[in-house]
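Sharing a structure with you now.
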Amino acid sequence: MNKPVVVRRVELPPQDVVAALEKYGVSTVHEAQGRTGLLASYMRPIYPGAAIAGPAVTVSLPPGDNLMVHVAVEVCTPGSVLVIAPTSPCTDAYFGELLATSARAHGVKGLIIDAGCRDVRPMTEMKFPVWSKCISSQGTVKATLGSVNIPIMCANALVDPGDVIVADDDGIVVVRRADVREVAAASDQRIRKEEVTREKLARGELGLDIYSLRAKIKELGLEYK
Amino acid sequence: MNKPVVVRRVELPPQDVVAALEKYGVSTVHEAQGRTGLLASYMRPIYPGAAIAGPAVTVSLPPGDNLMVHVAVEVCTPGSVLVIAPTSPCTDAYFGELLATSARAHGVKGLIIDAGCRDVRPMTEMKFPVWSKCISSQGTVKATLGSVNIPIMCANALVDPGDVIVADDDGIVVVRRADVREVAAASDQRIRKEEVTREKLARGELGLDIYSLRAKIKELGLEYK
Amino acid sequence: MNKPVVVRRVELPPQDVVAALEKYGVSTVHEAQGRTGLLASYMRPIYPGAAIAGPAVTVSLPPGDNLMVHVAVEVCTPGSVLVIAPTSPCTDAYFGELLATSARAHGVKGLIIDAGCRDVRPMTEMKFPVWSKCISSQGTVKATLGSVNIPIMCANALVDPGDVIVADDDGIVVVRRADVREVAAASDQRIRKEEVTREKLARGELGLDIYSLRAKIKELGLEYK
Amino acid sequence: MNKPVVVRRVELPPQDVVAALEKYGVSTVHEAQGRTGLLASYMRPIYPGAAIAGPAVTVSLPPGDNLMVHVAVEVCTPGSVLVIAPTSPCTDAYFGELLATSARAHGVKGLIIDAGCRDVRPMTEMKFPVWSKCISSQGTVKATLGSVNIPIMCANALVDPGDVIVADDDGIVVVRRADVREVAAASDQRIRKEEVTREKLARGELGLDIYSLRAKIKELGLEYK
Amino acid sequence: MNKPVVVRRVELPPQDVVAALEKYGVSTVHEAQGRTGLLASYMRPIYPGAAIAGPAVTVSLPPGDNLMVHVAVEVCTPGSVLVIAPTSPCTDAYFGELLATSARAHGVKGLIIDAGCRDVRPMTEMKFPVWSKCISSQGTVKATLGSVNIPIMCANALVDPGDVIVADDDGIVVVRRADVREVAAASDQRIRKEEVTREKLARGELGLDIYSLRAKIKELGLEYK
Amino acid sequence: MNKPVVVRRVELPPQDVVAALEKYGVSTVHEAQGRTGLLASYMRPIYPGAAIAGPAVTVSLPPGDNLMVHVAVEVCTPGSVLVIAPTSPCTDAYFGELLATSARAHGVKGLIIDAGCRDVRPMTEMKFPVWSKCISSQGTVKATLGSVNIPIMCANALVDPGDVIVADDDGIVVVRRADVREVAAASDQRIRKEEVTREKLARGELGLDIYSLRAKIKELGLEYK
């Protein structure tokens, strides 16, 4: 019941919404969809400042074997985000500068990998963003099958192919493809509201007043000395 | 015996001494006060190069609830350093760009938090320094009380309100308010002494000679081959 | 059978080969020598972009005592890389700016330490590269002997004095002194081959074709949908 | 879209199949369903020797608040296994002897909790089995809502209410309710096959012969010296 | 300001109260004193079932050096609990069967150590309980001073000499000497109240009713389906 | 230069010395050979009380593939201890009850594995001792070659085939085959000396007097209050 399979075509989310989610960023999107979909915080970007969003091409593969990454690149389309998870914990580098070159040639925007990567300097120079569990030079073989574009568990989160991955310095969040419009709208609302709040806070107004918290802390019995 | 309380006024350390400690930096101050007061090394700055010192406004709060951070901002004064510790281990983000904006408007120099933070990019751009246990987009609610300006345990160190926090790329050290003059004087001595040593070392003199260690290693029986 | 000892002279690898290994970098060298010799991935550089290679001067020392680092600097020669491992796990800072100044004056190219370091900012400014297990201000004493230039276990790898250490953003690899020519030659071959591959990949050719993997995945039974 | 909710009735798996899965144990069941469904290996039993299986009553709750555990006990039925996951990482003890007493009175067979538990000795004496992330005396409040019998992510695995949890000294595995018959049948086959193998191995026959591996290692090129 | 010192006499808590706290156990005592004083949950007993309480004899010592443990044994009195913390993180074994024999001869009830211990089997056989951070055969030297009976930070908790340590399978809690009567009284109340609750729960009554939580969950808006 | 190979014959250490080392135990042997050879303390026995010694049959294998364990069993001889290390970090279970049955039939005394194992209960019941990094039901394939009886790095220690492994509740230590007589003699001396010390300590004599430490602590300047 776990036959290796590659699903070539996945329904994609609308591009304008993906672009909007990229602009909003991980923390806003995560709040906007009710604090769900966050990947584990051990996933860190290899350089600061990267921020992307795109539909996931998911890869499930064995520990220490990156044959399926090569398979996956072929089914990527411009804007894809590769999301790779080994079937048991592994710190090997499945991905480096050569695969980044290949992925970029096929329009891939970046990589999320619950394992290791290498060639950090060249990938930083070519601005190919990677969020990984660790950095390691330990490479892999190309010997065993896995699957592409099946639902996977990556860094404690469930990712379905075609779900939108949003990633930046704060981490990574996954948005279900069916929810993207709703989440983008909620993010937009949140951003607007925060802009007003930010201005007030910058002027020195207090969160206690802006969020009307004074009555609450009084009722809860906070004592001032 | 754990009633939520906010202590509004805390005796502050003299500003000139705080400024001196900021200049000396964490490693010198830590040595100068007899290798005490260091916070755990898992606390890391969100961007390199920040270096601050200031009296602690301490916050003890429940896991996943940042109501008390808003309460704390009101009692901060120009130069304060916020020091936040949850009552049980938590990786949620209690603090992000909006609170940083608010804190800055009230003169807060930076944040030490034994939990998570988010909005790393905007806080890096506005140069609001944060030392945290982790980075996570997982936000909090505003529902439960805690206390402000009581003694807290933060990243394995005891911090009393008004103690001076010194933080830079090497980590974080706390100096008891009563000890600041003495520690600053000892730091100054150390810095002067190190300057002389640095020049000698730069000329190629050996620590073995500068620190008169040759007799010691001979006595201890070190064998050269 | 563990008498403290300092071995003054160690046979050095040829300089041109060391320079070549530095240019190839950790990931290439690691592959070229059959995926051996990698240090644990918890070892991280204190700033991005550093890349060095050089013969190891090894130091085995007790937890919390850096007397032997001073002893080791004296036996370093231009191009040496210091490799330090405590005899039991320790996060103390054995090394900071003063020792970096001393080491540089004696031609040391950088430090690998399976423990802590401090003075991250000044060492970053003077571009003295350090790969360490952690950053901590907690200093050490100068009281107990250890050994210099004996075989040590550092971050899970065996390092013999005179072995070549290659370190960059991807991590650290050790090359046995006797193998350096062979490994450099294999690295060179690998680099040349990768250059051809990189160009093909950049043009959009797929790894599946370049590495002739299509037959294999068919034989293994991969199903496309 | 995350309203707190309690689903009272969940379709249950057939009892005879549950009993069979309990007998087969985690490692057999995990293999039999194609190596899927394992919870993270940091989950450990509080005492050795316990082995249970039963349909999951799932609980999603906030960090540090066990109000929903009390809510959940009411909807448990004889044979239920409680599966509890906080919405952010937490090591507090949501569960101890009193709740074990209550749970047992309602027929609950045991607890899986991706957080802490306490009262280890009394729960060991009453033989109420718990698999937890840690042991801690740090209790919780009863202040905030969560949900019961919704899909949750527990120790890196997705658990739907009514899925069968199998837990023993090897860990914990979840079997989708729809798959239980098929998995039990595959487990049974596996057990029978292993019995034959075990007898052969006990007589000294080698896995190399029993699994016909000699041809394979020859073909792969293994050299004997 | 950190001169090594041994304080010979420490005011002791009343023995009857210590005996009562031992009987109540860690989880009850921790709750009774308002959820404070817990040591970190990484501290684990070397065998199950041990439960002790007694006034702390505190030891602060350097990493890898157990000279001060020998000094401390001399100032122990019948009923003492040794509490040992190194000044920087260390996993070495400061304590084994010989020191356990010595400590027992002087009436010591057990050991709390934020580092390693060894001789687990003989100490289990002689029923000398130890709670430690880890188990390791790596021994220590006897070369450097530390202090006995000064305030120390052990496993994230502040322990003053003469404070009562309560330790069992659930972990370790420290009770300030000044608070012992009050905490014992509160523990006793808690135990009595729990006994009534336990009987009700055992009969099948629900926590929802016993703690009057139904109104609360209704008010908070919990929806049943 | 890493061709898979099986070395059939390894020179064995004398049996009487192995038996003596087993009796002395890990902590004594580790001290007797100058505090070297300890495996990392994360390696834990699956049940308490096991204590073995024997010559290592070493196995180097890929992550997630136990083909070579079957190969290794064939070259084991009565008294062998299997020592298994994957070439990159892996938590999969390479070993369970069936392999334990096979290993026992060929005289293997126990297993050291720097990865996972499963079937904890049956292996506990048949008293087949295993020291592992973790427990997991996640099994492996039988597809790729590795090597048997080559030098390996296991849990941070170098193990040569034929070296003696000593393992008990305190952990694991490796003794070079060439050193076994010397180490056994030193262990014996240590045991005899400790026996005398133990009797003195049991009578209440202090380590301070037995080890003549009073002069030292006076000279180092310890102050008593």
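When the chains are written out, they are named A, B, C, D, E and F in that same order, and each has its own residue count from 1.
Here is the rule we use: a contact is a pair of C-beta atoms (placed from the backbone, for glycine too) under 8 Å apart; a residue touches a chain by one contact, two chains touch by 3 or more.
The shown structure was predicted, so the numbers you read here are calculated from the model rather than taken from an experiment.
Q: Validating interface symmetry: for the copies chain B and chain C, is the fraction of residue numbers used by both over half? Same or different.
A: Under half shared, hence different.
Q: Counting only Cα atoms for the centres, state how far chain A is from chain B in Å.
A: Taking the average C-alpha coordinate of chain A and of chain B, the gap between them is 31 Å.
Q: Using CA atom averages as chain centres, what separation in Å is found between chain A and chain F?
A: 43
Q: Mind checking the centre-to-centre distance between chain C and chain F? Centres are C-alpha means, answer in whole Å.
A: 29
Q: Out of chain A, which residues touch more than one other chain, so two or more?
A: 35, 87, 91, 138, 144 - these are the residues of chain A that touch more than one other chain.
Q: Name the touching chain pairs, would you?
A: Listed in label order, the chain pairs in contact are A-B, A-C, A-D, A-F, B-C, B-D, B-E, C-E, C-F, D-E, D-F, E-F.
Q: Across the complex, what residues on chain B touch chain D?
A: 62-64, 87-92, 138, 141, 143-144
Q: Using the touch definition up top, name the residues of chain A that touch chain B in the complex.
A: 25-27, 30-31, 35, 38, 41, 44, 48-49, 51, 168-171, 173, 194, 197-198, 201-204, 206-208, 211, 213, 216-217, 220-225
Q: Within their complex, state which residues of chain E touch chain B.
A: 1-2, 33-36, 87, 153, 156-158
Q: Tell me, which parts of chain C touch chain B in their complex?
A: 3-8, 47, 67, 69-71, 73-74, 91, 93, 96-99, 101-102, 104-106, 116, 118-121, 124, 134-139, 142, 144-145
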